[in-house]
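First chain written, first letter: the chains are A, B, C, D and E, and each begins at residue 1.
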Amino acid sequence: SGAASAAPGPAAELRLGYFDNLTHAPALVGIENGFLQDALGDTALNAQSFGAGPAAIEAISAGAIDAAYVGPSPAVNTFVQSAGRSAVIVAGATVGGAALVVQEGIDSPADLAGALIASPQLGNTQDVALRSWLASEGYETSTTGGGDVTVAPTDNARAFTLFQSGQIDGAWLPEPWVSRLVLEADATVLVDEASLWENGDFPTTVLLVGADFNRDHPETVRALLKGHTASVAWLTDHPDEAADVINAKLTADTGKPLSDAVIDRALGGLRFTNDPLASTFPVSLREAVAAGTAKDGDLDGLFDLTLLNGVLAEAGGAPISAAGLGTE
Amino acid sequence: MPPETSTTSTRPAEPAGSGAAGHDELRRLEAGLDSLQAVPETPRGAVRRTLDGVVPPILLLIGLVAAWQLYIVIARPRPDLIPGPFDVFGALVSAWSSDRLQIAVLTSLERGGAGFLIAVAIGTPIGLLLAECRPVRRALGPLLSGLQVLPSVAWVPAAIIWFGLTDATVYFVVLMGAVPSIANGLVSGVDQIPPQLRRVGTVLGASRLQMATLVVLPAALPGYFSGLKQGWAFAWRSLMAAEIIAMGGTIGFGLGSLLQQSRELADLSGVLATILVILFVGILVELVIFAPIERRLLRRRGLMAAGLR
Amino acid sequence: MSTPVATAAPVSTTGLAASVVEPAAISIDALGKRYGAGPLVLDDINLRIEPGQFVCLLGASGCGKSTLLNIIAGLEKPTEGSVTVASGKAAVMFQDAALFPWLTAGRNVELALKLRGMPRAARRPAALELLDLVNLADAADKRPHELSGGMRQRVALARSLAQDRKVLLMDEPFAALDAITRDLLHEELERVWKQTGRTIVFVTHNVREAARLGQRILLMSSRPGRVVNEWTIADTGSRRIESNEVARLGDEITDQLRQEIRRNAA
Amino acid sequence: MPPETSTTSTRPAEPAGSGAAGHDELRRLEAGLDSLQAVPETPRGAVRRTLDGVVPPILLLIGLVAAWQLYIVIARPRPDLIPGPFDVFGALVSAWSSDRLQIAVLTSLERGGAGFLIAVAIGTPIGLLLAECRPVRRALGPLLSGLQVLPSVAWVPAAIIWFGLTDATVYFVVLMGAVPSIANGLVSGVDQIPPQLRRVGTVLGASRLQMATLVVLPAALPGYFSGLKQGWAFAWRSLMAAEIIAMGGTIGFGLGSLLQQSRELADLSGVLATILVILFVGILVELVIFAPIERRLLRRRGLMAAGLR
Amino acid sequence: MSTPVATAAPVSTTGLAASVVEPAAISIDALGKRYGAGPLVLDDINLRIEPGQFVCLLGASGCGKSTLLNIIAGLEKPTEGSVTVASGKAAVMFQDAALFPWLTAGRNVELALKLRGMPRAARRPAALELLDLVNLADAADKRPHELSGGMRQRVALARSLAQDRKVLLMDEPFAALDAITRDLLHEELERVWKQTGRTIVFVTHNVREAARLGQRILLMSSRPGRVVNEWTIADTGSRRIESNEVARLGDEITDQLRQEIRRNAA
């Protein structure tokens, strides 16, 4: 790739992948408000929107992009599959904001026997959470579609229409879909994923950088992290303005803004932070392996938080721990 | 200008055709000619020929795999981008031991087979109608050929909207792929019947029904069969496309789903292993089901190309 | 041993036909034929063919021999005039044996018997008998592609005979065979004709073949097809095709045929 | 047993072949035969025949659309499940007026065309090698035929992992679809050359190169061309599959993407409109590019089936 | 006008060959051939063919005539013995005209001229001249499929002549034609032979054809193929195929040929 072939030093261009999702708010705000480009300086920002984690990961692997905001599961997947050679997580972005919503009449986990429940994508963060929660409730699931409760990987928009027409009994989804289902399809929240985690915190989005790019262009990554932390800080400081900025970017990309009610409810469940919550990753991987959606592997080296901690230290912030899975 | 009459033959006349002795003479002559003209069968050992056909590609395959492994050992590429033969084999074994491979193969074969049979049941009468009824053919023929040009994968999005992520979607796509080629196969099979055979049927006094059952259908069989073979190929292709695109929902878990799942897990070994399985199943169906029937059909009619068994 | 007599008759044969009382096997009356809006292929054909007669129809390529035969067989409709086959329908044999390739020789003959309405049990022995008539009893279980061209035509002959029709129409049945086989089949056909008493109309390009086989030889002109001359050979004792008589008759017919052809030089 | 010698001919001998008069005589005879045997051309009005071929399917189409509209008017089904002809037409117009349709058609055609040309450039030498080199053929032939059995859609997931959502993915899939069938087409074209033609070449003293360029290649042309036609069909199918599955990223916006986008917007009118466009483009390429070349090729060799123009 | 004389010669012709001084056009010595591990197809063939001679090779199906011809043409390798063609290579004509279907008649002939090394400018007139030799100058721009079978064979003949080789080998070149056309082509070939002085080896099944054309007729046995008899016809004045002499010689050859065939009755 053109960026990677340059001599060590700032890259001429940074190609950044993100989703037009509320959970990618730090990217949306960073682009929309110019935090990222400001921090990058002479390096041109080339932001590309993706629809799903695997596509973004494939783009990093193919050298089509240099960095991407993705969910933790795809990040772990590519790291394990490539024996640690594809990409590293350099920062956290979003935590929280996923839940199991169900049709009226399902009031307890016991009512789920024989149900059909959607998850965004096989092996993604919510899919793994759903499967391991079901397992903890005593239900058997299968990646081939059988079991006591059928888990149907279905993209979010489709899950929404299927839920509306009553063809699925529930869905374990990220924001803003939880809010849309609750507000627009009369769904009720059966399980908030936060309740399953210590402190109620679990990573939803992290910032992933291609390993080669991270090695060749530390200055560019550092600049990216500067923009990123600025974006996260802005989001934390301006919860009232966040909705408008995010909607502006969503409208620009997809032509479809979220309703105010949905975006307000959704932002309430999300928290933006630079901490990738490294300690949760081994737990997630164990669950994913148990659910049959990932290979077991060594996560050592998954995080490279040195640059992030440098940036934070400059701004007087506390360092973030890699929980022994990489450099700090 | 009549020639001179009553010129007695000067040669020792020997009217071979007259009388019992003449007939015997003729019989022996004919027997001699028949034995001279009979093409001597040269049954070059079937085993030998099978070996000749099977050994070189297998050697090549082994060579290719060895070169691949060598490359892996020397260049040590990223295993998620270029997995080694052992990784792929491992993926195969793990998919097998977790039963996902068996489920996928069985699901796909079942759906492919059922879809194909439905397509035969639909395509055959359509083909017959087209072949035997001129006005229908003029009107419908071009449309059907047009449908054959349309990649059946284009139907997947429409089918998903109509039927959701259910098996109906898969069957619909399979049918749209296979029916036109089966119908067209039958039409071209009927078209290729030598007109002489129909005339013989007429001369022998066959009724309309007898003509159809005793002459047209058996004569059209080879063409129809190659239509069926092509129909199967289309059904299998369409099935894979539908399974890859329309994954999830209540749709069963087939080879296409396995493939797409491996992709989503960034598991290239799994992807390659599944491709191998798809290839293997395709070749197996060809070899086990279609090839023997076709060989029998063609050999009975002496249509076997010299190079084939 | 034999003394064939050849006589050239006037082109019109209707006067002859009128003087005979026995009903004709085939009678053709003012027959005309054109395909679609094309040129006239056959023009004013009048013929009367006696039962048991062996008639050879001779003419250059494209003169309408096959068309005439197909009209007699009922495979084509005449544009004008009429054709009557006394015994109803006729059996036909083509240049291409046109055996059904998915059936054995025996089954091919049996199929003809079946379509004629013979009960199932009687078919097999009847087919074997017919195949034996053409010296092919041993080949009953062979498929057409395993037979040589001559054997295929013999099976086709057996199949035509299986129809058990008084009239047998043959359209250049031996044209595609090699000379040795053709000579043998001439003898074969002559023997079968004598044995079964069929009325045979035999189309050919080959003057010597016509002279060898026919009791009566009709020469057709081209564009349009008309019967322009005919020869009757009184004695039909078996004649080897190399005999002087056949050769002499052949010379005469050849000369006339060539005249016809020369007329068409552009 | 020598026959009697010196028997003088009794007939008025007329040795047609000797002397100038004989030669003239022969010339006139041959001219007569030639004119009799020449098959008269029956140029049934080409316009008339085209009309005969085009009118019935168009009438049928109009009838089908009318019935469809009638159903919509009477049954009033949900427009998102069964849109009417006007909805589909509207979708077509709106896609056109927003330039998305043009972009999609151009992108797809460009990629299909480029991919096809690359496939030709790769498949032709492979085919030649296979056709002319026995050992290569024995080893590689079965593998190539096997690849033809593999639905090229199965390559999409692997290609995406290798190349990401870039045009390289699309091209890779198109190549995997088209190359085997082009190579196999050339091989079967060469195989179908009547052996007599090669022998004539040898007898005429052609060198190895002359044999290839003056005999083998022109003789194999019809088979090669039908391989190309099939290769295009595969390329187009594979392209659509790749575009539908691999949407997004830096991948250009083709017809498959348009289809998939319409699906994601649950816009069945748009889906059906796109299917119509895909069908139309497929038929157009066939009619405008392949059909005339094939017709010319076959007509020049007298291989035209009677029913075709 | 002509007085052909036919004489039966001893089977072995080597004695004859040894007494002639002029080098033979083709000399074949103790030739044997088998395909792979199959039975012996040709066995101990010894032949000497004089320059300008017209030799007909006669035998039943599968006796090895084509094999022998192909060996002379260099298309097959002999298993034993040797074949020498004095003038180097031979021109060959097959039963199937085997014209290149993508070239016009004229271009087909031109291709032969090109492969022979004739410069481009000279080819067109030379081709037209050759086509005129076979009375086909008008058809130079027609494609093979537009020609009748007889015309195609004439083009093939012109193409063989274009090679300008002393020896012309013909493998049943007229077997697939109708009788009328075949007769004309006999005259044509005879005329061309006389005009060009080629040495011709002509393979046929057809006794009359051989007797009509050949100066020398070789009869081959079957399984294995051997030359079992030969006839030499002293005068080669033009003979119409219907003539008595041809007929009588034909009778004799036919009888011997039939004996050979009868030997093979299982």
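Remarks
Just so we're on the same page, contacts are C-beta pairs under 8 Å (C-beta built on N, C-alpha and C of every residue); 3 or more make two chains touch, one makes a residue touch a chain.
Quick caveat: nothing in here was measured; it's all calculated off a predicted structure.
Listed by label, the chains touching chain D and chain E alike are B, C. More inter-chain C-beta contacts link the pair A-B than the other of C-D and A-B. Between the Cα centres of chain A and chain B there is a gap of 48 Å.
Centroids built from CA atoms put chain E at 45 Å from chain B. Chain A and chain C have CA centres that are 89 Å apart.
Residue positions 60-61, 148, 180-181, 240, 242-244, 248, 251, 261 of chain C are each in touch with at least two other chains. Contact of a single residue of chain A with at least two other chains is seen at positions 58, 61. The multi-chain contact residues of chain B, meaning those touching 2 or more other chains, are 3-4, 7, 10-11, 14, 29, 31, 33, 37, 80-81, 263, 266, 268. Interchain contacts (touch definition given at top) occur between A-B, A-D, B-C, B-D, B-E, C-D, C-E, D-E.
By the touch criterion given at the top, residues 1-3, 5-8, 73-75, 89, 91-92, 94, 96, 98, 100-102, 111-112, 115-116, 135, 139, 143-146, 148-151, 154, 159, 163, 180-181, 184, 186-188, 190-191, 237-240, 242-245, 248-249, 251-252 of chain C touch chain B in their complex. Across the complex, chain C is touched by residues 60-61, 148, 175-176, 178-181, 183, 204-209, 240, 242-244, 247-248, 250-251, 254, 257, 261 of chain E. Taken in their complex, chain C has these residues touching chain D: 38, 60-63, 222-223, 248, 251, 255, 258, 261-266.
For chain D in complex with chain E, the touching residues are 1-11, 13-18, 22-23, 26-27, 29-31, 33-34, 37-39, 194, 196-197, 199-200, 202-206, 210, 214-215, 218-219, 221, 300-303. Contacts from chain D toward chain B in the complex involve residues 3-4, 10-11, 52-53, 56-57, 59-61, 80-81, 135, 138-143, 146-147, 149-158, 160-162, 191, 233, 236-237, 240-241, 244-245, 256, 259-260, 262-263, 266, 268, 271-272, 274-275, 278-279, 282-283, 286, 307.
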